[in-house]
Structure formats: structure tokens, C-alpha cells
Amino acid sequence: MKLFTAISLIFILTLNCMAQIPNDSIWWPSKWGSEDQRGAANYITPEKILEATSLIKKGQVYELGRVYEQDMPLLGSRHYKLTLKGLPSSGPTGDHQVVYNSELISGELGQVGTQFDGLGHVGTHVNGENIFYNGFKLSEFGTTEGLTKLGIENVGAIFTRGVLLDIAKYKNVKQLDSTYIISVADIEGTLTKQNVKITEGDVVLFHTGWGQLWMRDNEKYGRSEPGPGITAIKWLIEKGIVMTGADNWGVEAIPGEDPNRIGEGHQWLMNRNGVYNLENLDLSSLAADNVYEFAFIFVPLKLKGATGSPGNPIAIR
Amino acid sequence: MKLFTAISLIFILTLNCMAQIPNDSIWWPSKWGSEDQRGAANYITPEKILEATSLIKKGQVYELGRVYEQDMPLLGSRHYKLTLKGLPSSGPTGDHQVVYNSELISGELGQVGTQFDGLGHVGTHVNGENIFYNGFKLSEFGTTEGLTKLGIENVGAIFTRGVLLDIAKYKNVKQLDSTYIISVADIEGTLTKQNVKITEGDVVLFHTGWGQLWMRDNEKYGRSEPGPGITAIKWLIEKGIVMTGADNWGVEAIPGEDPNRIGEGHQWLMNRNGVYNLENLDLSSLAADNVYEFAFIFVPLKLKGATGSPGNPIAIR
Amino acid sequence: MKLFTAISLIFILTLNCMAQIPNDSIWWPSKWGSEDQRGAANYITPEKILEATSLIKKGQVYELGRVYEQDMPLLGSRHYKLTLKGLPSSGPTGDHQVVYNSELISGELGQVGTQFDGLGHVGTHVNGENIFYNGFKLSEFGTTEGLTKLGIENVGAIFTRGVLLDIAKYKNVKQLDSTYIISVADIEGTLTKQNVKITEGDVVLFHTGWGQLWMRDNEKYGRSEPGPGITAIKWLIEKGIVMTGADNWGVEAIPGEDPNRIGEGHQWLMNRNGVYNLENLDLSSLAADNVYEFAFIFVPLKLKGATGSPGNPIAIR
Amino acid sequence: MKLFTAISLIFILTLNCMAQIPNDSIWWPSKWGSEDQRGAANYITPEKILEATSLIKKGQVYELGRVYEQDMPLLGSRHYKLTLKGLPSSGPTGDHQVVYNSELISGELGQVGTQFDGLGHVGTHVNGENIFYNGFKLSEFGTTEGLTKLGIENVGAIFTRGVLLDIAKYKNVKQLDSTYIISVADIEGTLTKQNVKITEGDVVLFHTGWGQLWMRDNEKYGRSEPGPGITAIKWLIEKGIVMTGADNWGVEAIPGEDPNRIGEGHQWLMNRNGVYNLENLDLSSLAADNVYEFAFIFVPLKLKGATGSPGNPIAIR
């Protein structure tokens, strides 16, 4: 009787704890093994690289990265600061009178401007633990000087097929509404209209038109954003994509389908499925030229233990 | 008579000033026009990109970038510091209990670790002016908050044919001597042995073996370095290359051919000819696999007004 | 019966949790009230200030702060970096041809060089919570952008009587041994020899001679340190002091009396009793001049939400 | 004849250069010797310290420093950023389960918020040289890593008599107009009304009421400011003061008496006379309590080679 009571109590306590788990499933171990730290980057096989290479027919490059500058849109209290170390920074020295310039940069690099979210960026708080991709616990891999697991240096080169979904054009607008939630139907309609398919290992970029606000109305740019809803994100993950990206600051619609679950797309992408995210892209030229499939190349900086990386991704056709 | 005397005096004064010019030629306007800010990146045409693409046959990627970490070899008083902004940095929030991590980075990014030297990095002090690529004067384009000309954001993607010169292997050593000066004969011999050619628009990387000291003997690594001498650099520039690179910290041999002109190769490359430089590469895997030509890809971060960029260049075959 | 069992179980669970408490007492609420954020700074009354003022008889100032420089001894991976923003940083402008210089600084300011530890610096992990002075929980007052309680901006001016304990001289050595633990007997002997007393509201500084290693043998300086042991620290706290300080990097002896409780003096000082700590002082001149009591002045920077402050404290007699 | 011509030409050239000198006098060597780096801090003798000490009668302290926070008013592109290094930043460790917090700070410290301008902050461009206090040339003492002369570490403690000039109250306003130029008559009238005198070695603080805009209307705060004009500043310098200060961002009126010579007061203070400047003070409490003379204490951080220092100056009576 006593034993039964004790067990009941433990059961109740446990139940109470479990109730804190935001979703009913456990997302680990990863399909790439319980020690995997690269997630969906594993989709990029030599064959996939060759497939992407075969899309390069004109030798035309599109830079998708934004310029990093102090006044760009920044989330919350983040900052970015570049300072020249003197003009010149050293010299002249020698008979050749050489002078050098260099600069000091400080900021939340990896999480300002064009930014690539790594697998150490987003997790879920469950029963007192912050759990990341592959079930790794932040209490075990996090240090103030950098992550000892899931650091951006593990990702490697993202050289794969890229697909642009010009949702704005599909909806016949220059810019989607400020909180527009892109649906699966929108994606399917766009794919049909553009006559392209999403295949395993692709990078999928959304043109929403929201990027037109960049450096023009930064306040509006950051207040909300149109983008794929959680339903569309789950659908994309099922396709086996490597990464989503968009011409907005967080890819997924904000506030999205459930105002009590803002940013949940990040959890489904990185945290649960190891799928990456690329934010604050400039997709205007790709969209203007109706370029819907291309070789996509991005290589994160090997910043030891970092959660993200700045970058200047390119599309080539 | 008076007039003549005055003119003589001015002539003498001018002559005296000219005497300060380290070399007898004026290097501007650039062959790409007096307003050009991209230098040798102009060699990269769509045709060159397609040529590079044709080298991708296996879909095999080599990352050439070093890991950025606080204890890596650093020139002079430069620093690099990454700090996680809390573990987690924000959250948990919402019903989905999402948590986020982000990091703060400070340092001479662009001039620490694997680094790409832009055209605003090196100049020559002539008659009281610091003159850079295309004759641009630092007094006119330099500001404390960034360069208004020659900033790294102008470069664009470097997607071209890459050539590895394994000089160490050619000389039958694991590592060239600490001050070894690579000659034109060394390069020609290596090209012959490797059965490759250098063509216009190529990126040329030197494997010296010096990179074996990285994180093993940082002090020795930074004290000097083997690399191409000024003679070899001029020879390379004549070939119309886009960029040199090496598994050392400054590409060119230090102290080089003339101890009173240390670093003069930088002036001939960037300052006079708009040819870029890529330092602190990891070329060990390329060399181990005997990969001597490949598609080379590097895209500088669009850091507004910066002199350089960090990066993780890749070679693909 | 059931109820009893349940209660037992809860009791056992609770007991188990309590067992994690490193000490058997609860240290809050503070004697200055449950909302107090200033701790022992409350000892400094107008009367105490006047007492300190009465010690100023010669008008002689001793600066106790170290010079902040990049190569100073730094704990762990901390850094300090000062960069001039151009030479000059702006100008010349106007008919008056004015030029300005300014600098950029980055580092763990407040925890590098001469540093004042605030009450948000040290806490104790108890039952899953990090508990600080006055029982405040870090989970409730900590944010990535700064502490919302116990920030250094709450402290105010430390203008009070200062006492120097020249323990090195008392022990007839230039420098105490690397792990020497100063005992209560040492303090009492020194006070007797120096003919001074410790009274409520005083700042007590220890001259150990360890500071002679500063910038001479930084590695040895940081490896361990002589200083008061936990027993002496508790004794000092009983005297009602405002702050301890020393010519070493952490004031208390490291490793101290119990190698499994390194740094516990910090907990007794700041965490439990609101007594401050001042590290990396230069006490050589005070000691050389046999100055054992003086007006002591230090005013922390009002860095919002910071855990510490850099500074240049002074002693005046 | 030839010789004469040459000399004439040199004379004309020289004259032309001299014409660039903004004022007809040479301001060096300093009255404290040609090697002096402390300027007006030399006025602070032991006697002056004792005079200041004699003003401490109540033991009442006024903190004059502003809180440093990311959103405070900042000049131009300057920034200030504090980031907690984790919550906690380290631990728990040991049987005592100690946890620590620390923060990373970056910014133009010394030139943001409450700031003390040192003698390396302001100079004059004359004939191609940037000349600072005591005739020191920036080309000779400036390095990217810090000034080798006139660094803030040379100043020492400012412990002296302070005088508050409540010009706003004298003019019967809460806040002086946005570009109001305080005249010598204003100062003399205020001194008479307040029944105080300015004596050699004093610090003179101006209460303009402008500080009421701090964190309330930062944009207006930074656009202009009331303060002493160049005439009043010269008058003050004649009195032998150590420092001016005010509840605005630059002390002197901006734009001041001559819109082509904005900031010239800085040159007369620091550059020519070695008199310091203290900006962004909070003088509201002193003014509210009608405290017009007091002991003033400020000790710059010993930031090696820096142009300025943050701080929290105090007034005590």
C-alpha cells in the first residue's frame, strides 16, 4: 500500500514534468547517428554536388548576401561595429614605404545581417534541460567560450542544388503582407507555375519581397515578417531539404500560425531535424531574372563553437 | 633669371619628393579603368567560371579554411574572441519553450586566421600620401568607420580555376625552411612535375608545409615564413592571376629577398596590380591527395568598407 | 496512512535537495532588508566618511590601480584590447583645424586588471537555482544584456577608512609563498605590530608582495596566490568591513584551506554578506611608506547591470 | 641674386604654410616643462587637496556619473555594449557549488557616457602635423594600440576643490536654450549670486539644465548644447582651473560663438593649456541642494595610451 502510494506520487510528479514537454515525440537520435553534428548537411553527397554543378551553364553568379553595416536592421539589442585601426593602421615602413590598414569588428556575428543558423542556435527547454539537435544537452556542451558540440565549424560546405520560390510573384504582389503565412498550397502552386521540383538535398529560398524594406524601413522590417508557416516548414522538412532561406530576418512567418509558439519553425528545422536556416538574404536579382533553380554555394566560417556564421551565399547558373 | 631660379628650385624640390617613390613607375590608372575597385577579380568572366566548373568531376570538396579560435597564431597585438551570450542566450519562451544561443565576436576579423586581403589593405606612402590600388589616396577614401573605396564589399565571388603548387613535395621536403624563398624556377619545375599550367584568371596556392606548425608551434609559425619571393610574385602577376594563397600567414617569403623591403610582395600584388592574397590556408588535404587543379570558390563577406574578410575557401574537383 | 507516506516521500525528496546546499544556513534576507542591493556599502555613513576625511592630513595621494594593457595577467580566456580609432580619429575640420582621437575598447571590463567585484559576480548553486546576495535568484534577475538586480550601478561611492595589512613585512619576507594562507593570528599580529585596529565600515587591504610578479612573471602570478584563508575571511566579515582588497588577483588564498572549495571566500564575502572585493591592486607604495590607515576612495563605474567595475582606487593621508 | 630668389621662394612657401596655423601663437613648451604630460593636473598640490578636504563637513556624497547603457546618447557612430557571459558565466564548481558571472564590454569607452577627456584627445592640424598638448606631434606619439605620450594613465587623481555654477538658476530657467552661449558676465553674476569664487586648481562645473534631456530626448540632447562660449572658456583658463565639466555632452556651447570653429574650446582647454574636460555629468542633485563648493574627486582609469576615461566623479561636502 505504501509502495503503491509512493509510486503513485512519483508517477504524478513525473507526469507533471512530462507535461512540460512541448511536443509528444522525442527527436533523437538523429537519422545520421547519435553522434552526428552535421544534420541535413549530410544530404550533400558527391552526386548531389555534381547535380548542382550541372546547373551551371551560363557562368552567371548572384551574390545573395547583404552588406554588413552599423545601421542595418538588428534584432533586439544586437550590434555590429567596424572600426578602421588608423589610416593607415601601420607604416610606412621600409624602403618600399609600405602601409597597411586593418579593422576591428565587434558584434553578434553569426546572428546579425545575412546569417546562417547552425545547430547550436536553437533548442527546446524540457524538464529543466535545454535540448538541442540529436538530443544534446546544453548543460553538457555549452561553455561561455563556445559550444563543444554542434559548433558551426562542423557544418562544412553547402554546395548543392538551390530552388527559389517566388511566392510574391505567385501571389501577384511586390511584397507579401507583413504577417502573411505561406501555405503548402502556395508552395505547390509556385512550384507548378515555375515548373520546378524540390528534391532531397536542396536548399529552398523564399522570395517574399520583404527584403525591399532593408535599409529603407528597418523598423517595419523587424516588427514582423511574411514567411512559411509551421505547416509549410514541416512539409519542407519531409522533402529532405538541407536549408531554408528567405529575404526576411527569420525565414518563418512571425508571429506565424500560433502566437504562443513564435519561432517554432526554428525548432522543427534545426532542433528536431538538423535543417539549417539562412536569413536576411537579398533575393531580388534572382527573382527579377526568374532564376528558379541553380547551384547554391555557402561555406560557413569555421568559428569554433559558434552558433551561426555570417556569409555571402551565391547562386550560380 | 629669377623665374628660372625659382623653377629650378621647384624642380629640385620635386625631384627630392619623387626620390621618395619606392619604384620608378606609376601604377595607375588600372587596366580596368580609373574608377575600378575590383582589380584582378575582373579576370573572372562567365567563361572562366564555366572552365572552373568543368573541373568538378567527382563532387569532392576540400575546405581550405582554418578554425578561428582564441589561441590561433595572431600577428602583433591582434586578437580574436568569441563569447557565448548566455547558455541559453534567451528563453525559454512560449508554449514551445524555445531557447536560443548567440555569440559576441570581437577581433581584427579580416586580418586574423584564414584571411582574404582586399585592395584597401596595403598601400604605399609616396610624397606624404598613402596611395592604394588605382592611385586612390587614403586621405580621400579612408574614414574611421570604414573605407569609402576599395571596401571588401566590392570584390564579389571568386569562383575560378585553382592551381596548387606543392613546392614542398617538389623540393622533397615535408616543410620548406623557415625563410625559404620560392623562385620562378621552383614554380616552373613544380608545374612541369605536376603537369599543370597557370592561366589567366587562376588562383594559385602554394603548399609549403609551413601550415604544419599551426596550433603546434605558433611562435615559430609567426616568426618568419617560406614563400614566393618578390621575383616569383612579379612573374605570377604577369600570368594574370586573380589571387595567390598559401599555408602560411602572409603568402610571400618573410623576410624575403630584401630585408629592407619586407612585405613588398603585398604591394606588387594588391597595391599595384589589384591581385588578391589569401593567408593561413590549410592545404594539407589537397596536397596529400595530389590535387593540383580544381574549381576554387571563395566569397568575401560584404563587410562595408573593410580591408579584408575571414572565410572558408573551398576547392572542388 | 497514504497521506503519511506521501509526506514522508516529499520529506525525503526535500532532504535530498537540501543535502545539496553547501552550507547549513540561509543567508537572506540581508540585515539591510530583503530588497537591499548595496550590501556592506551601507556601512558607509556620513559619520564614517567624516572619520575617513579626518585621516587626510598631508594631502598625499596613492593610486592603487594597475595600468590596463593587453599583456597584463588575465584569468582564463579573458581579454583586453584598446585600439585607437585612427590617428587622428577625426578631422581636421573647421577654420581651427581641430583633430580628435578616440579609442575602442573591448574586454571583460570589470573582471580584468584592477577590478571591483560587485554583488552580481558570485553566487551559489542550490537546488537548481543560482542564488546571490540577499537570496536573489539569477533566474529572476539575470539577462544577457545585464543584471536587473545587484548591478554595479547600485553600489555608490566607497569613501571610507582604509587599513593596510602588510602581512609580507610582518612575516619578514618580500613576498609570501605562492600558496600561503594568511591566518587570523597573522592579521592580529600585523595589527598589533602596525598599531592599528579594524573597525566597522573599513576597507581592509592585504599587502602580500605577490604584486611584484605583475608584468614580470604573469604566468606565476596567475597560477596560485597567497592571501587570507576562509577562516580569516569569516573573521574579517565579523568585523563589519565593507571590502577586502589585495595585491593579487583574487584576494583570498588560492587554492586555500580546502582544495575542493576553491574561491569559497568569494561566497562568504559577496554572496552571503554583501562584502566587496578589490583585486589586482598595486600596494607597493603604501607598503614602502608604512601607510597603514588612510582615507580610501573608490567609485565604481555605473555600468548598468554589470557584475564588476574597473577602477583606480586611491588612498589619501 | 639667385640665392635671394631661392630664399624668397622658401619664405613664400613657408608663409603659406604658416597661414594654416589657426592662431598666431605657439602653445608650447608647457608651463610645467617641455616633457610634461599631466597639464593642469599639476595644479593639484597637497595644499590644494587639504583645502578640498576642509570642505567635507557633512560627509554627504553626490555621484555625478551617468549610468552607462546601450541606449544612452552617443556621438556619431559610437557604441556601447555590455553582454553577460552566460547566466552564470561559470560553474557551479566544487563542493561549495560556486557560480560566477562576468561581462564583456565593447565601445568607445572614454568617449561615451560620462567621460573625461585626456590630453591625447584633441589637437590641431598645423602644417601637415597634428599637434597636441606641449607641442607633441601625433605622428610621433600615436600608435594604433595606444598613445605613447599623453595617455590617460599619466593624469593621476583629481582630488580638488569643486565649484558648481548654476547658470540655469541664475538665468531663472530650468534649462538654458539649446544653443545658449554662457558669457563671462553670466559666470561673474552667478559667482556673485552664489557667493563663491574660482581659485587656482579648482574644477568648475556648469549646470545648464540640458542634462534633463538625457534618456528623455536623446536626439535633441545631442543636436546642440548650451554651454560656455570660447570667450568664457579663455577667461576660465586664466583662472588656473584644472577642469571644466557640465551636464551636457561637450561642455562648451555647440555651435558656439563661431560656426566655423565648432569645438574650439576643446583646443583652448586641452590642446593649448592642458585643462581637462568632463562631459555628460548629472548635476541635478547638486543644483537642487544649492551645493556650490565641495571636494571633487575623480580618478581616471589607467587605460594605457587612451585618450579618455569613463568615470563616476563625486562631489562631497
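We just call them A, B, C and D in the order they show up, numbering each chain from 1.
Convention: a contact is a pair of C-beta atoms (placed from the backbone, for glycine too) under 8 Å apart; a residue touches a chain by one contact, two chains touch by 3 or more.
Please read these numbers as outputs of a predicted model, since none were measured by experiment.
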Exercise for review: Determine the set of chains touching subunit B that also touch subunit D.
Suggested key: A, C
Practice item. Look at all chain centres (mean of CA atoms) and spot the one farthest from the centre of subunit C. Key: B
Exercise for review: Let me have the rounded angstrom distance from the C-alpha centre of subunit A over to the C-alpha centre of subunit D, please.
Suggested key: 46
Review point. What whole-number Å value describes the gap between the mean CA coordinates of subunit C and subunit D?
Key: 29
Revision key, fill the gap. Residues of subunit A that touch two or more other chains sit at 70, 77, 81, 83-87, 104, 106, 142, 144-145
Review point. Which part of subunit D faces subunit A closely enough to touch in the complex?
Key: 70, 77, 79, 81, 85-86, 89-90, 106, 142, 144
Check your understanding: What residues of subunit B sit close enough to touch subunit D in their complex?
Key -> 1-2, 5-6, 9-10, 77, 81, 83-87, 104, 106, 128, 145
Review point. Inside the complex, what are the residues of subunit C that reach subunit D?
Key: 20, 22-23, 45-50, 53, 56-61, 63, 65-70, 78, 82-85, 87-88, 91-111, 114, 120-126, 130, 138-139, 142-147, 153, 156-157, 159, 258, 260-264, 266-267, 297, 299-308, 310-314, 316
